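Remarks on the structure that follows.
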């Protein structure tokens, strides 16, 4: 579904990514981990068509990526909510932009907001929400698009452990029901092990890809499972080596 | 050092905090955990004097808090960098505002930036940094103030595990060298156990304080220590009960 | 408070004015005393209010038209660097032409009726609208623009649902500047070939040395301006409750 | 591109103008052809350039003064709701007074020299500066204001290091509107009691029905305006490289 | 001369309106050294119409100025302006209605039902009732459209109005603007011969406290005026020297046209003459026209006959 070949990217002087090769299958859930500033967000932006690589080639569904596509959703690291729109109409924004009927998706939006624990906040404005609540709105906005490819940049970073677990489980469920290609940036090894089919690590400056592990565990998985903890522990060791 | 008595706070209709009592000693490191949206940031804002409680009384160093004080530093949940200032001059902002000589603190700023892995980025503008890098700049800005009370709102949320560990250790070191009252909001139980003398949990809507545990472990502590893991595991259980 | 303070300010101004005419003996043919001005107004209240309505209507009509032309123009300018580079300088140049000097041309082409006055209003107040709208739209935060781009949003959505909406507070600043200019534009329009309006009153009374009447008309102008300005502020509060 | 397009735009305008004077037979006493205007200019190039410099200097001096008065005024207005409520309406009212009508008063008080012209410039261009500065300062993001408050920053730091700096892009919008008004203000000032300047040329040549000369002077005005406008744009780019 | 520099009295002077041929005599006086000989250092500023000039003189910004006598009379009466007239520049009013040939106006009676553009408060407008009566038409049948002076020629040429208020000397200008069409001039002086044209005005203070200065200035200015009407051809080039934007030919033509108004045929008095009986007559005419209330002003309030040219 996603193919990167020899992709490099520089911002002016800063060489952010170098020689990235990566393939993500149609229904594969890939987690990307790596140190802060190593180029994870840049990588997602390249796949989304928001940046053009300085070198190399990015393809989605067989077509070279020249601009953003509607079947690819992007959940940004920062919530990026429109401050003048209510929570509900922020969630419905993609629907409006795609020219679909917001009315038809209203129930779905309510459902999603309920799922992430924001029931009752539909008519609030973003500035009335806490940081984690804003992030969850942004998650709903991304989920309502039902895309073929989901790009998620640290979607749970501002969430507490419990909410995080709940949402991870929800995300797993969604992925089991309607599998898609997911690239998921996270700082939590546990989360990566819980969710991903495959984990890659990006080493810093310039970012390079290291395949770390195929998490060959059966789904659904749950945090605290002994097998998961084992994989996590191994990974942490490897991670230390790669990113030292 | 910090005293809250019967503190409640509402935003219009939303009852964020109710009947909070909390004492933090002069050299105590208190971690606050709780679900997203339960009122942690609001609590810190009340202590900082950025909000006035709807009810109850907040004191710092024996004086009622009526407005922000210079011996209290606040690291916000969002980086809040001035977009037109370089990284270095963002870090030096408190120095300028306090009427001290930025020149005299230049070396200290460079040192802090090096410590958080931002050496070489001193002359960049915030928009050229990744999310985690911005958060680290904000951390340096907070550390340069050498305050008597530090309020930190999820300071490591946008950081990878390794950087997070490094900075946690650094923070411990600082606290050992020059102990102060710290109130530290986090979503990571491990982090709380690693850093805190005492952990309190805020239950949601309206937020109420539950004393969870005195982490009676000797310092310096290190992540992965068996005793820590044990405390963490116990805490997670309690947390589930309280915040259910 | 909301009403008391402006009234206090006004009273302070009038007091200072009165004092000046008495203490410094400002010649009344230059600046009449407030009492003279009030007397002038009370001589012809109905007539003056009628003229006020004429000017008000011209200003409002021209202002409305300016929004209808200026905002789309700003959209074009933001949408195309080529158009911006080609036509922005012309807009600036056009704006620099003293309207008083081209008033006769406008009257010759558009007659003595309201059309020529409305056109004058448009000429004076379109520029602030265009420039503030355009610059507001350009200052949209990059992260929101990126969001729309990530959704492959049509240009029109990026413009209307994002940039223009984001620009609204700045558009209102432009509108506030424009609305006071609109009143002046109407007056300048009335200086040439008008039979009614406050500008006409000022011009005729100025020429016949009836300074008090001219000041009464200017005071009414000020009232219109303040009313329109705060009316716009009220609309802004309704449209942008959180700005 | 940067130079070609504006020149293209200009040529398009001149072409259209020329065509209109020929095809629609626009009377040359109303709108002379570009050739007539150029001829008029070439008759008195030295004299006209001298007048241009006079007007330019008045406009620039008045503009500078407006910044020096307007920005502190905006600071006061943002700093104190009481002052805002009391004096903002007065400022609006003052702005609404047609400057042409008070020109004689200004001349009586300030003389025939440059002072009266500079004052006119200040009167016309202070308002956009004040309002755009004030509204830009008020639109500072809450999180940054909170940062300064958390540092217990003195008012002056919050104003200068944060709000004013944040407002700069909007201040420049106000300045751009103001600079074109400044030129017009200088011209209006020159309509009464002046011995030089483009406004004087326009007024005189208008009365003597020398339309080509008036247009030549207006073209020079447009040139000044565009130059000042883009000069300001250049300064903006230097001051705000990332805006 | 090589003599020691003499301290000359500084004087500010305002023309009536801009710097056309009709106002050019002041430049003649300047150029020919009449002011210098009188020990005066004169700064000339173009005026912007009678009322502005009167305010500026009353306000002390200029010692002397030129304003229409009728407008002065009305303004002084209404606003109690502290100004006085010193001399009459033209013995007959220059006011006229100017139309273009082919507009259906060739004599005063044709004005009925027409639209006239004019500056509000101008002599032409104020005195129109008197003029209309003399011409035998109903003034109410003529519509005045107020317009600023610079726009009048254009409005006339474009046919927006049928006629405009102008000075008789404006004929060459109008014809130049109208690109060859002939102008029809209907001077008020033909039917209302008592009216003065422009007058030299000074503030009452100046007249009372510095009579010598007033006499010297008035003398030098009128010497320039006399010289100008005697040598109209020289006036254009002199004006052009001071005011490069002006057309020398048009200016000379104006001065030639103006000569019979400064010195009408059969007039024997000195140039600038200003007499009590004339002023009284004018005031009566103004009362008749409804421009000022009866008995509100006396000739001495308006003119300093003692300072007038003898």
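Observations on the model:
A, B, C, D and E label the chains in the order they appear, each numbered from 1.
Just so it is clear, a residue touches a chain if its C-beta (ideal position, glycine included) is under 8 Å from a C-beta of that chain, and two chains touch if they have at least 3 such contacts.
Here the structure is a predicted model, which is why all the values come from computation and not from measurement.
Between the contact lists of chain C and chain E, the overlap consists of D. Counting hops only between chains that touch, chain A reaches chain E in a minimum of 2. The chains in contact with chain A as well as with chain C do not exist; no chain meets both.
Counted by C-beta pairs in contact, the busier of B-D and D-E is D-E. Interface residue usage between chain C and chain D, two copies of one sequence, is largely shared: over half of the residue numbers at the contact are used by both copies. Relative to the C-alpha centre of chain B, the farthest chain centre belongs to E. Taking each chain's centre as the mean of its C-alpha atoms, chain D lies 36 Å from chain E. Averaged Cα coordinates give chain B a centre that lies 84 Å from the centre of chain E. Centroids built from CA atoms put chain D at 51 Å from chain A.
Centroid to centroid, with C-alpha atoms defining each point, chain C and chain D lie 15 Å apart. Among the residues of chain C, those touching two or more other chains are numbered 30, 100-101, 104-105, 108, 191, 203, 206. Residue numbers of chain A whose C-beta contacts span two or more other chains: 78, 127. For chain E, the set of residues that touch two or more other chains comprises 51, 55, 59, 150-151, 154, 158. Contact annotation for chain pairs lists A-B, A-C, B-D, C-D, C-E, D-E, with touch applied as defined.
Contacts from chain D toward chain E in the complex involve residues 27-30, 44, 47, 104, 107-109, 111-112, 191-195, 200-201, 203-211, 213. By the touch rule above, chain A contacts chain C in their complex via residues 48, 50, 67-70, 73-74, 76, 78, 80, 82-84, 93-94, 96-98, 125, 127. Interface residues of chain E facing chain C in the complex, by the touch rule stated above, are 49, 51, 54-55, 58-59, 74-75, 78-82, 117, 119-122, 126, 145-148, 150-151, 154-155, 158, 160. Interface residues of chain C, counted against chain A in their complex, comprise 143-144, 146-154, 157, 161-162, 165, 240, 242. Residues 11, 14, 33-37, 40-41, 77-78, 117, 128-133, 135-136, 154, 157-164, 187-189, 236, 239-240, 243 of chain B are the ones that touch chain A when the two sit in their complex.
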